[in-house]
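Down below are the structures I want you to see.
After this come two complexes, each holding chain A, first together with chain B and then together with chain C.
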Partner chain A sequence: MTAALSRRGARIAIGLVVPALFLSWWQWQATAGDARSLAFAPLHSIGSAFVELVESGSLFSDMVSTLSRSLTGLAIGGTLGIAIGVAMAVWRPLDRMLGPLLHAIRQVPLIGWLPLIGLWFGTGQGSELIVVSISAFFPTLLNSYAGVTNVEPRYLDVGRIYGFTPLQRFRLILLPAAMPLILTGLTQGLAFAWIASIATEILLGVGGGLGVTMQVAQTQQRLDVILVAIIATAILGFVINQLFLRLRRHLLRWQAAPL
Partner chain B sequence: MIAEARPRPVPESTAAAKGALSISDLDKSFTIGGVSRPVLEAIDLHVEPGEFVSIVGASGCGKSTLLRLIVGLDDEYSGEIRLDGERVATTSLDRGIVFQDHRLFPWMTLEQNIELALLNTDTPQARRAQIVADHIALVNLKGFEQAYPHQLSGGMAQRAAIARALVTEPKLLLLDEPLGALDALTRVHVQNELQRIWMTQRSTMIMVTHDVEEALYLGDRVVVMAPSPGRIRRIVDVDLPHPRDRGAPLLHKLKDEILAELTASPVEPGNLVRLPGREER
Partner chain C sequence: MASAALRVPPADAFRSSRSALSSILAPVALLALWQLACLSGLFPPQVLVPPSEVAHTLLELARSGELERHIGESMFRLAAGFTIGALAGLAFGATIALSRLAEAALSPFFLALWQVPVIAFVPMLVIFLGIDEPFKIAIVALAAFFPVALATFDGVRGVPKTWFDVARVYRTRLPDLIWRILVPATIPSVLTGLRVALTRAWVVLIAAELLAADSGIGQMMEMGRQLFRIDVVLAGVVVSGLIGFALDWGARAIERRAMRWRMA
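What follows is the complex of A and B.
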């Protein structure tokens, strides 16, 4: 079994076994002919809904809106998270000032922000983006802070021996040493931004996106459309996560390969 | 002090700029759990320019602490440490150090790791690449310039660390058990290399080690230290020209002497293993 996994074809085939079983079970439920067919759309109608959404162009535009909302939120929240996290780690007084407040605030689940932000900024696209940014902010902040505070003192010794200026110390030691955790923060931030995008789209239903389509389809009882949107969300989420991991591997190529 | 009043002559060649180290009446203690514990006591040591001095002693005798003080990473001590008459207060590019762990930055290539040592020197930008290449060749690492530290073996990484320490041409190079983590064969190889480098560069070197043979093979003098608190027990002259033959009878005779001294130390109360629970009976 383990030996068979060394072949690429075999690996892919094994990964497909469970999904195939699941799909056949699904199809069996959908075509059983009783009340179950209300809860399970048959595969062919999901297929035709897919074709319908692709032809009208709405699937593509939904994917673009959700993706751009997530990435914009990640860019805003992630940049702030790295900047504030690193600043707090480098400059202790800032840590003392902001730390308690931020740790209290981050206990609020991201959806908990919606009522307040809705009151302040309305229920438009701007509010969606704010919630997405907040959810990307905290994982990036926490990891960047941990990354910089956990830099090994023995590397800082080397900087002292060679007379590094504070800027050199930051650029050549603190930042690269913290980079693995900063990137971990960004990867988590991406996952949170993705969740927040779909969630706010479903709850606010404005500006287009996979979540908006799901919400509209729910009111129209279009089970097939909901499923297409879910599948698109899963695949798109998987793909950007993979791209991100690849970027991470490239940026951290100096690290020894995990055994 | 008179010497400092006059403008110091600018050395014409690096050969004139060799470091003379003088340590006098040095005491150092650490505060552990509110109690002050002496780690170094009454250290007096004078090292001639261009001399190779080895320091041996049991672990915990303050050898590494002594090097941290000399290099300037720690400045809380009483007494005096002077390099060429100037009091040591903080780190300086005049003093280099090689640690037991190589401490290369894992995020930089070997070449970048060595070049960073030149960052704050007045070496002209145009000459830096050449100097780095020369030092990579000096420690026999040609062809590995673009390798990251995790791609190097332990011996190679330690040689790279030696190159990084040498590239600034420090007057004084401190070696803190630099070969301690290497296997026996690699260690002999790097020892030979270290001797060759020292003979070409002729800068002052002080090496801490727990290997008496290594201390004798490389050192012009061997300082034998006693623990708790760390102090100098004896200084042994090794009157043999370099490069040395490992089989020289003098080295073996001295090794036996030093080992006897280190192991058959009179048992001091501080060193006794005491189990008060048993003494009650």
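What follows is the complex of A and C.
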């Protein structure tokens, strides 16, 4: 058994057994003919829903909507997160002022802000983007802050010996040293923004996107459409995460230490 | 495995929160600032109500027993879902860590599901389970399952192989092997996984309650929004923040306690 498991082909084959069993169970439930069939969509109807969504172009436009919402949120929240995180790490008074406030805000589950934001800004796309931006903001903030605070003192000593101005110290020591964690923050921020996009789309259901399609499909009892949207969410999420990790490695290739 | 996903940003990252004095002063200053901002007339009462009014609303909700009911419902769902999800995650993680065959058979399917944000399962679960208790408990269980399963897998795989060899030399029986080697060795990472799972479960529960519920903290906020009762919404924000904080704090305390012996 162990010998068989070491072969790549055998491993893949074993890995396919459970999904295959699951799919045949699913198909059996869907075609059983009683009340169950109402909820379970047969496999061929999932396939045809996929074709339908691709041909009408709505799957593509949904993916673009959700992706652009996530990336816009990341751009807004990430920029603010890096700026404020670095500023708080460099300048203590700002840390003392903002730290407690941000810490308090962070305790509330992100989605918990949605009713309040809905009251303030309405239940439209603007509110969706605000929640997505906040969700990208905190990971970037915390990591940027930690990156700058944890710079090795030796580096700063070297800067002092060379008589660096504060600006030089910031640009030549603090920023490059903090870069790995800042990029980690952005990667985490992207993951959070992606989840927040799907969540707010499901909860508010406006502006288009994979979550909106799921929400609408749920009211129409179209499980086939929901499943196509879930699969698209999984694949797209996986791909952008991998791209970001690769980008991070590329940007940090000058670093000697393994990341 | 995707253990990197478990790495959450450092929690007590802010220097300022470390000293005892500022940790008392900061919230007081914050509340004072909030109160002042409202008294100054900068924000109309439809937009922001002062903390004194939020406190008043909280007191009223507490006196009428409404707050207790909402918190009770939410906590029941959290406890039930978390217990189911965590136990399933423990069993699943340990299984795929101990058996190569189980890993080869189950991990591809598991990793594929792991790519889906838990919240994206909400519409599907609503179709299967409706919008009542089973749905909320199921989504909480699902949210708790993945982090616990991954942490357990990492923990069990991280046990040095030599420990098992020693156990074999001593002819340790299986229950002893589990209770005296496997459990103590994996407790740190499992506890971390449980803590992460608990906070995620709480977030997902709030989301599920916002969407569909007749009680619970999330529902209290959503009703407040629909009735334009900003004081109720803010009260809900405060309560959910306090509960989230208390859950995380309690889990961290347990984690520290359980890991004390490692320092020796």
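FYI, the second predicted complex is superposed on the first by the 215 of 259 C-alpha atoms of A that agree within 3 Å, B and C clash if a C-alpha of one lies under 4 Å from a C-alpha of the other, contacts with A are read in each partner's own complex, and residues count from 1 in each chain.
The rule is simple: a residue touches a chain if its C-beta (ideal position, glycine included) is under 8 Å from a C-beta of that chain, and two chains touch if they have at least 3 such contacts.
Just so you know, these numbers come straight off a predicted model, no measurement behind them.
Touch criterion met: A:P176 reaches chain B, while chain C stays clear of it.
In the superposed three-chain model, the partner touching more residues of chain A is C, compared with the other of chain B and chain C. Contact with chain B, but none with chain C, is seen for A:R160 once the two complexes are overlaid on the shared chain. Of the two partner chains placed by the overlay, only chain C lies in contact with A:H103; chain B stays clear of it. When the shared chain is aligned, chain C comes close enough to touch A:A39, but chain B does not.
In the superposition on chain A, A:L243 makes contact with neither chain B nor chain C. In the superposed pair of complexes, A:Q255 makes contact with chain B only, with no contact to chain C. By the document's definition of touching, of the two partners only chain C reaches A:A234; chain B does not.
By the touch criterion defined above, A:Q168 lies against chain B but remains apart from chain C after alignment on the C-alpha atoms of chain A. With the contact threshold set out at the top, not one residue of chain A is in contact with chain B in one structure and with chain C in the other. On the side of chain A, the complex with chain B involves touching residues 154-155, 157-158, 160-165, 168, 172-173, 176-177, 179, 253-256.
Contacts from chain A toward chain C in the complex involve residues 1-2, 5, 10-11, 14-19, 22, 39, 88, 92, 95-96, 99-104, 107-116, 118-120, 138-139, 142-143, 145-146, 149, 185, 188, 191, 194-195, 198-199, 202-203, 210-211, 214-215, 217-218, 221, 223, 226-227, 229-230, 233-235, 237-238. Of all the residues in chain B, the ones that touch chain A in their complex are 71-73, 91-93, 96-97, 99, 101, 103, 105-108, 116-117, 119-120, 148-150, 168.
Those residues of chain C that touch chain A in the shared complex are 5, 9-10, 13-17, 22, 26-27, 29-30, 47, 100-101, 104-109, 112-113, 115-117, 119-124, 126-128, 202-203, 206-207, 210-211, 217-218, 221-222, 224-225, 228, 230, 233-234, 236-237, 240-242, 244-245.
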